[in-house]
Amino acid sequence: MNRIFASAEEALDGLLHDGMMLSVGGFGLCGIPERLIDAVLASGVTQLTCVSNNAGIDGVGLGKLLRSGQVRKMISSYVGENKEFARQYLDGSLEVEFCPQGTLAERCRAGGAGIPAFFTRTGVGTLVADGKEHREFDGDVFIMERGIRADLALIKGWKADEAGNLIFRKTARNFNQVMATAAPLCVAEVEEIVPVGTLDPDAIHLPGIYVKRLICGAPYDKKIEFRTVRTVEA
Amino acid sequence: MNRIFASAEEALDGLLHDGMMLSVGGFGLCGIPERLIDAVLASGVTQLTCVSNNAGIDGVGLGKLLRSGQVRKMISSYVGENKEFARQYLDGSLEVEFCPQGTLAERCRAGGAGIPAFFTRTGVGTLVADGKEHREFDGDVFIMERGIRADLALIKGWKADEAGNLIFRKTARNFNQVMATAAPLCVAEVEEIVPVGTLDPDAIHLPGIYVKRLICGAPYDKKIEFRTVRTVEA
Amino acid sequence: MAWTRNDIAARAARELRDGFYVNLGIGIPTLVANNIPDGMTVTLQSENGMLGIGPFPLEGEEDADLINAGKQTISELPSTVYFGSAESFAMIRGGHIDLTILGAMEVSEGGDIANWMIPGKMIKGMGGAMDLVAGVKRVIVAMDHCSKDGESKFVQSCSLPLTGKGVVDMIITDLGVFERPDHASDFRLVELAPGVTLDEIAAKTGARYAV
Amino acid sequence: MAWTRNDIAARAARELRDGFYVNLGIGIPTLVANNIPDGMTVTLQSENGMLGIGPFPLEGEEDADLINAGKQTISELPSTVYFGSAESFAMIRGGHIDLTILGAMEVSEGGDIANWMIPGKMIKGMGGAMDLVAGVKRVIVAMDHCSKDGESKFVQSCSLPLTGKGVVDMIITDLGVFERPDHASDFRLVELAPGVTLDEIAAKTGARYAV
């Protein structure tokens, strides 16, 4: 079984349709599946629901799909610094479901792990709890949150072997790991595809069972949102 | 802050009390915290509830604490091949809560992750579902299971650094990872303690935040429950 | 002539597809591993935390840290991955495993399966069986058609405590194969072992099924 | 003379203990990192998936794969560990982080905190703030005592949408420190910045508190 495709377009062939839900990895611009997002842009598929912690920035990452009008709804925890997002949100053309970051991660994990709903303390007493079931366990109040299961997951890894076993690098792991599990099918782009047997079997972040299609997206010109440095003596 | 102790007895000093709940790693005899179990045995603490996938075998692992009568209740998924267990279970001196293996793992993860309860399809229509809340989500029926949070976690790792960052080896990871999180405090025994900076920060299975006390238990004479081999040509 | 245990396993192996991730139970299902067609990539999961189960180790190469869910020593493959129990069952419960092949004491015509306890006998526990039948995409039972006492194991209604309710998709016994397209449908007898007649299988089956 | 922003951070740093794992919010809380006492081991968590935040990188050593929750480039330490977002918030929600120090727009006398949205303004989202205040063992707010308009930010009841209800344990402002031993108790003024009088703080505080 060959899971390696020559391009993002080929890797997504037959998987996209209008109105679908995508779970997308990345935090800010760190670890976003940019090649796959470009291919979704090129496909012209519309009315997308995107589950992603952030929505990119103007013209970068999911910001591209916002600008092109392909996204109908975002489920996110934070969407600062994005003018196109603000415009569409304020004029009502973009629906947004804000979800606390940890609840978002847990909802996606739950969706991928066969858990349709769970209880959490996060958001109790806030707008997030409005309309949700409240319940007391051992004297504390919790709200019920639902698992999220998308139609397709798009993620960015560092290295993968030919069996799809994948590792991430530093904080670029973030939501990629959990988003990959939150759909029946995940397409991954990585910086390097290595032979089976190269990666340490004890150190795989995402087993190949989740990574059904794979592309090497190198070379990457990774963007930094806020470049902060120190002087030598600090 | 020094988290390294010279012996299992010292590492457990002040942490044990009658009637407490322990979450214990291991699967069968693979990856069990044998030094720590010996120290619990020596402490004489009684009326323990042990959350562990298995209960050891006669005179090995948790089997030692069963033989000494220190365990009041087991929460486990499978307890085959253990005569002392069978005797105490049948005469009513040992209480047993059977829990499907995946539900057990998820209950412990939930307890460690601040999730007091979740829904699962596992066990619907079986004895496991008796007395539990049933609920339909998207047309399917699920039962509610509660998170488990023990008083103290005892686990066995392969290597840890002086900051408590820990890795497991092969299938000895099993329940150790999740049991470590299912208590406010985890004591770990490992085969080797290495300097900080030695382990790959992308390949840590259990961050030091969970491993508050640590001992090197080497040398180990690991036991095999069922030795199966093949001949060269197979 | 009815199928042998290995024939049952070989028949079950015909349900494998290239790229499948599969969990095999103990007993007859374990034999399926020896019947994977050449050139087909099938990855075996062990619920104690491993994808890519290799064969039993050579004598002297046993590793206490490398066992399967039956606690037997095994070996790893170049594609092997290890993970913890919570992740393993997230994978199972979340429907990421394509197929599980399990043994059973009884299967009912409604697809209920009983394979974990016999009332009155010492209970050993259900292990991961309830999670597998509830979570895996397709559940195949591979078992003898009748018990040692000659009683049908494919029954109207299970007399033993259930492992899962309405979860079985296919039953392969020494006499033939029963299948259903979905959990709302009845089982249909789709194949007979060589020399087994419709009358013989009807006489030895307690369950209602279509032909 | 009231405390400066760095004085507030230094005061907050006095709540650190050896071996603590701490999550710092943006603004004044970030400055706490520069005030960790020598010889004390405090590990900083970044909720995007890291324990052991190092200082900003040297010019030319920035790494796009290594950022904090504010999306700023940072560096790693020898003890650094990386993990995914689900594990990061399991750690937070499960009460494994000892302390979080956050900024706020308002804190109420009941310990409610508002720091994520202003009605009528563009909503950017709550990020991980709701998870932190709900999950971390101890929640300290470090903020200016009054808004730019001179209004007290420690109020009877928050006018802004809440981030968490009844979750704050300590408030450190440029004028002093308020603390409560548990979530059922009232806040008590336990410390005044140099030169700040009880009358001044009373005049500038909307909330009820013990002295």
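Note that the chains take the letters A, B, C and D in the order they are written out, and that residue 1 is the start of every chain.
The rule is short, and it goes like this: contacts are C-beta pairs under 8 Å (C-beta built on N, C-alpha and C of every residue); 3 or more make two chains touch, one makes a residue touch a chain.
Fair warning: this is a prediction, and the values are worked out from it, not measured in the lab.
Asker: What chains, if any, are shared contacts of chain B and chain C?
Answerer: Joint contacts, listed by label: A.
Asker: Return the distance between the CA-based centres of chain A and chain B, expressed in whole Å.
Answerer: For chain A versus chain B, the centre distance works out to 32 Å.
Asker: Taking each chain's centre as its mean C-alpha position, how far apart are chain A and chain C in Å?
Answerer: Roughly 35 Å, centre to centre.
Asker: Could you put a whole-Å number on the gap between the CA centroids of chain C and chain D?
Answerer: The separation of the two C-alpha centroids amounts to 53 Å.
Asker: Provide the list of chain B residues touching at least two other chains, using ranges where the numbers run on.
Answerer: Touching at least two other chains: 106, 109, 113-115, 120-121, 168-170, 173, 201-202, 205.
Asker: Using the touch rule from the top of the page, what residues of chain C touch 2 or more other chains?
Answerer: Those would be 76, 82-83, 89-90, 92-93, 134-135.
Asker: Treating touching as the only link between chains, describe the layout with one word: line, ring, star, complete or other.
Answerer: Chain contacts: none of line, ring, star or complete; other.
Asker: So, with touch as defined above, which chain pairs make the list?
Answerer: Touching chain pairs, listed by label, are A-B, A-C, A-D, B-C, B-D.
Asker: Over in the complex, which chain B residues touch chain C? Could you list them?
Answerer: 27-31, 53, 76-80, 86, 89-90, 96, 98, 100-103, 105-106, 108-109, 120-128, 158, 168-178, 205, 222-232, 234
Asker: Would you pull the chain D residues touching chain A in the complex into a rising list?
Answerer: Residues in contact with chain A: 46-50, 55-59, 61-68, 70-74, 76, 82-86, 88-90, 92-93, 112, 122-131, 134-135, 161-166.
Asker: Where on chain B is chain A touching in the complex?
Answerer: 106, 110, 113-121, 135, 137-138, 140, 142, 146, 167-170, 173, 200-203, 205
Asker: Using the touch definition from the top, list the residues of chain C that touch chain A in their complex.
Answerer: Touch list, chain C to chain A: 18-19, 21, 41, 43, 45, 51-52, 76, 78-83, 89-97, 134-135.
Asker: Using the touch definition up top, name the residues of chain A that touch chain C in the complex.
Answerer: Residue positions touching the partner: 1, 3, 109, 111-115, 161, 163, 165, 181, 184, 196-197, 201-202, 204, 207-210.
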